[in-house]
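There are two complexes below, and they share subunit A, which is joined by subunit B in the first and by subunit C in the second.
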Partner chain A sequence: MTALSGTSGLPVTLGRGGKVALLALTVIVLAVASVGFGSSSMSPGRVLLAIIGEGARSDTVIVWSLRMPRLLMAALSGSALALAGFVLQRATRNALAAPSVLGIVDGAAFGVMIFLFIFSNESNALTVSILWQPLAAASGALVFALAIILLAVRTGAPPLRIILYGVALGALAKAGVTLFMIDGPVHRASQAAIWLAGSVHQARWSDVSTLACVLALIVPLTMLLTRRMDQLELDEQSAAATGLPVRATQLMLFALATCLTAAAVSFSGAIGFVGLVAPHAARLAIGGRALPQAVAAALIGAAMVVAADLVVRVAFAPLEVPAGAVTAVVGAPYFLFILLRAGRVHA
Partner chain B sequence: MPENNKSEIELRGAALGYAGKLVFESLDLSIRAGRLTALCGPNGCGKSTALRAMRAMLPAEAGDVLLKGRSVSEFPAKALAREIAMLTQNPSAPEEMTVAHLVSLGRYAHRNGFSADARADRAAVAEALDSTNLANLAERPIGTLSGGQLQRVWIAMVLAQAAPVILLDEPTNHLDIAHALEVLSLVRRLGAQEGKTVIVVLHDLNLAARFADDIVFFSGGRVAGSGEVDEVFRQELIEDVFGIEYIVRREEASERPYCIPLAACPARRDRLVQL
Partner chain C sequence: MPRYALGLGLILLTALLAAASLHLGIRYTPTGEVWRALSQGGDDQAALIVTTLRLPRTLIALVVGGALGLCGLLLQTATRNPLAEPGLLGINAGAGFAVVVLVVLTNVQSLTVIALAACLGALLCAALVFGLALSAGGMSSPAHLLLAGVTIAALFASGIQIVIVADERTMEELLFWLSGGFADRDLRLLALAAPASLVIALASWRLAPMLDALMTDDATAQSLGVPVLRTRFLVLVLAALLAGVSVAVAGPVVFIGLAAPHLARLSGRQSHGVLIPLSVLIGGVLALAADIAARFVIYPSEAPVGVLLAVIGVPTLIYLLQRKRLGAAA
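This part shows the complex of A and B:
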């Protein structure tokens, strides 16, 4: 018992609410740091003054038109991916389920590649506005997710099988992406590579507001289903015996996870491992019911991407290293840690 | 006791099976209200199939499964859960989940959106923990419990569901005899206290004879015998059902019958196959 509460790494005296508050505070501190640091750094005081519109004019411009959209994009897509991962892990009762496993992210990448391929002219320039790229990504994600959901409905397959469908379709999309990368125009390939690794450096206010609107719709729906997610911690039969319509619930959760993933990756690309690591960390840190865990997962996801973007801007400037590279560097070892830990529990 | 003959659950000509393979072509069975009924029979005879059909987890391909005269397939999911609680054969939950949390999951059918009656929930969970003697383990993660304790937790979850009918699918599986006795005494005592209708799938005939009011013997896709323990717990019938020679005796203190298996009985096995 003590070992379990000890794994949280947080003071045991802190309640669930306290831990969530601590996470929120972390996100805020990271946000202020993220706005403050960059090619021209400013103190937290100057950041806050600029935010409320009382700072120097140059500060206000840097904060409001350059760094804020980037920060918000990082925070929103991070929490969307984390929430998607949380929902998938509950729907499948599997700590290894994540948006990137389900083929949705690969589907989005495929959509982007087709977009870049079709709308590039001979001199490698886009013939249409880059603003259409998120739509291409979302379409790719939704098409692949729809294919998986259709397969799931038609076969009435259990969650693990749905994951395998996702892996298979994802592999197909990945193969297509590789083909376009090799065969496509060189400049587009490098641009696609940044998108594939996941980056928020091109964030615009219009993107941020679109993503915020989509999330404002999906997140409350997700939170409404947390009771059902609580029941899904039981095996399917026991959950059904308590009165939960299991298959219908799983399908709804899959649909929500797909929308969350599509919304996030459409704008910021395939930021890796956030959807896997954040919900798992939330489970370790908070435990208990789904609602506080979902909130914690979203906060951890936001913190991860904001921190990763901060690192790439400070450590690799003036190079544009995608934030997804950093989350992968942190996330992949954590993934291994989950596997090793799971192995130990079952041994 | 007039209500003793009222049937709570009734199967009428129910065709039950999986993936086109029928276990029962036409099952007729009536379970009496307020009594503890044991479902017995050899492996694959359809005990669990019948139980799952009663909980509407397995739709009848023909015929009807009725709860208080109404087809179980007509009940919305939560409404049926408020009528029938069920402990499945191999229930599982994450190891780090606490006892109290797991038991509270039994309250799902009593919750509606966010307007749940939290006080009634808490009272029901506390009562279930009390009656299963788990109050002092409420905050323990279930991964730290022994097999017997864990089974009590699952039974507490089923009790928290506060349904008048309780189905238990081999609740003594994986338990040693002391814990099996403990679990069944608990079920028997709580069922009798609150007048619940309890239906238990049991492998062990002597446990069935000791704790049940009624026994249903299944064999080869039909009901071989159904009725009060004294009526059906007969040497002839048991030998037929299991294809083994038995001695049936009566234990003096409890006046309950018990049986001792002797040897395989080829003649009777042949007869079984012909049926």
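This part shows the complex of A and C:
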């Protein structure tokens, strides 16, 4: 992995810090572009003026009440999902672990379906405010994660069991969602379809601030645990020999990943691909200890979702394609590029 | 348990389920009529239902279920990852994308053409994934193969999603195909799929000792005299062919490929000489059971078989996993 540093295609060789800074810069550029583009485009200069409150009145309204919440929601949920995937891959020591693989996202989807099922009346309208939907999603995710942990703990919670129970319960939740989709009225199905694809176009400031508060609690905790993630890279006996309570750490990490996922998907829906691939992109591009990798994964996740949202707004307008439908289109070329580059280095 | 009891029990269960599958449906057909239809044919309604509807779907469920079970086992062994499954090679997404594009561009209705497009899409996609994996570290890093597969699968899946959002008519037409299932499929395809699957199954059975060695680590397998990279490549190609054949016949069927090998391993056996036939049988049993249940859960209409696979497979898996904790740790 360390072989990667010094092989970057840039004329100046960047250290790990430099690469993280470059990623941060990418996110900022994407953010400015994301605020600038839309049904009425504005230049980066106008965007910056509007952000500090010196721009034209209409610009300020567009930027602050329409595009900023959407941008922040995309960035926050992207980084939360990427971080969740990173934590899960470390906890289970499996390259394919991700929030959407281990049943957490499917649990949230099931929660949303139950919510839409219970609180719809005959005329297909919701009987309670849609603002409660995130709560239903979060509860679904937490309930399923709890079930996975409870089942796994009975067998001593080895990672393979967490994986198998996660996949199994996820499949069950997915089956439930499909049955509801088939059996329910059309409104419910289309409402659920938007959530299932994952979209940030309905972001509100209240959602953004809730998500930011939750992340402000969980992200520092996750970063504190990165040292333990380094120890978990060893095999289990060696990790235990370094004084790490292996099973307890793995369960703690699983719980953290669940909270991160629940927070992200309850507002923006089941955005796929980011949680699985951003951690690998960080590993291949940065390498080294878990802390810089976690930061890089979060930045890459944010960049992917912001870019995806930008693409759906610019390329598909006026069609409202959910951002989650194109995260793969945006992220795959970048990821394949670094995957192939890693192959060339190892060859 | 005596050595062959489990295998014999599964064969018996398969036969019972196959018989039930011929009898059950919207209308129950008595054994006498089923027998008459099978032995003499005839063109009254009951005979036609048995020979043209229930017999094909029974055979297709058996073959595709077995093929997917084996495919999952081969993938999990070759990549040493318990999460590997046929969909991860991008095969289902590739097939789905080929079908969606074909239907949007040419408006074909024939199921045979759609199946051929699916098979072609699946194989092209598998070739693309292999190509990427070979340039990204070759066969020596199975994780990179899986990552390439996941990425390509996600790419094609979002292609499908974009087309469907842009063109709702396609979604209506293709929902049937994209959800996968054994009913109303073209039986002629099975004439190709069944022998192909059988040959692949026999080939992988011959490879069983090498697969056992592959389950250790690469260095150990090498020192046991197994040509690791060549064997892994061969096994992955066999798995890709199995998945391609299955998706062409029945569309993307989920869960069997993932669950059947784990269920087989819960028997306590580790040797692939045993795991291969067990995975095939368990895959067939899961497919048949789900196909029968799909006829009844939202009677009189049919439920998607993927839903029933989860509803039947998950409790079985959880029950066996929980029971297993008393024995050796997995």
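Everything below uses one rule, namely that the second predicted complex is superposed on the first by the 315 of 347 C-alpha atoms of A that agree within 3 Å, B and C clash if a C-alpha of one lies under 4 Å from a C-alpha of the other, contacts with A are read in each partner's own complex, and residues count from 1 in each chain.
What we mean here is this: contacts are C-beta pairs under 8 Å (C-beta built on N, C-alpha and C of every residue); 3 or more make two chains touch, one makes a residue touch a chain.
All values derive from a computational prediction rather than experimental measurement.
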item	value
Contacts of A:329 with subunit B and subunit C, given as first, second, both or neither	second
First (subunit B), second (subunit C), both or neither touched by A:317	neither
Partner chain(s) touched by A:25 [first = subunit B, second = subunit C, both, neither]	neither
Touched partner set for A:94, first subunit B, second subunit C, both or neither	second
Which superposed partner A:238 touches (first subunit B, second subunit C, both, neither)	first
Larger contact residue set on subunit A - subunit B or subunit C	C
Subunit C-touching residues of subunit A, taken from the complex the two chains share	94-97, 101, 151, 154-156, 158, 160-161, 163-165, 167-169, 171-172, 174-175, 178-179, 182-183, 197, 272-273, 276-277, 280, 316, 319, 321-322, 325-329, 331-332, 335-336, 339-340, 342-344, 346-347
Residues of subunit A defined as touching subunit B within the complex	1, 4, 227, 230-231, 233-235, 237-238, 240-245, 287-289, 345
Footprint of subunit A on subunit B - complex, ascending	55, 57, 77-78, 80-82, 85-97, 101, 105-106, 108-109, 111, 139-141, 144, 157, 161
Residues on subunit C engaged by subunit A in the complex (per definition of touch)	81-84, 88, 132, 135-138, 141, 143-144, 146-148, 150-152, 154-155, 157-159, 161-162, 165-166, 254-255, 258-259, 262, 297-298, 303-304, 306-311, 313-314, 317-318, 321-322, 324-325, 329-330
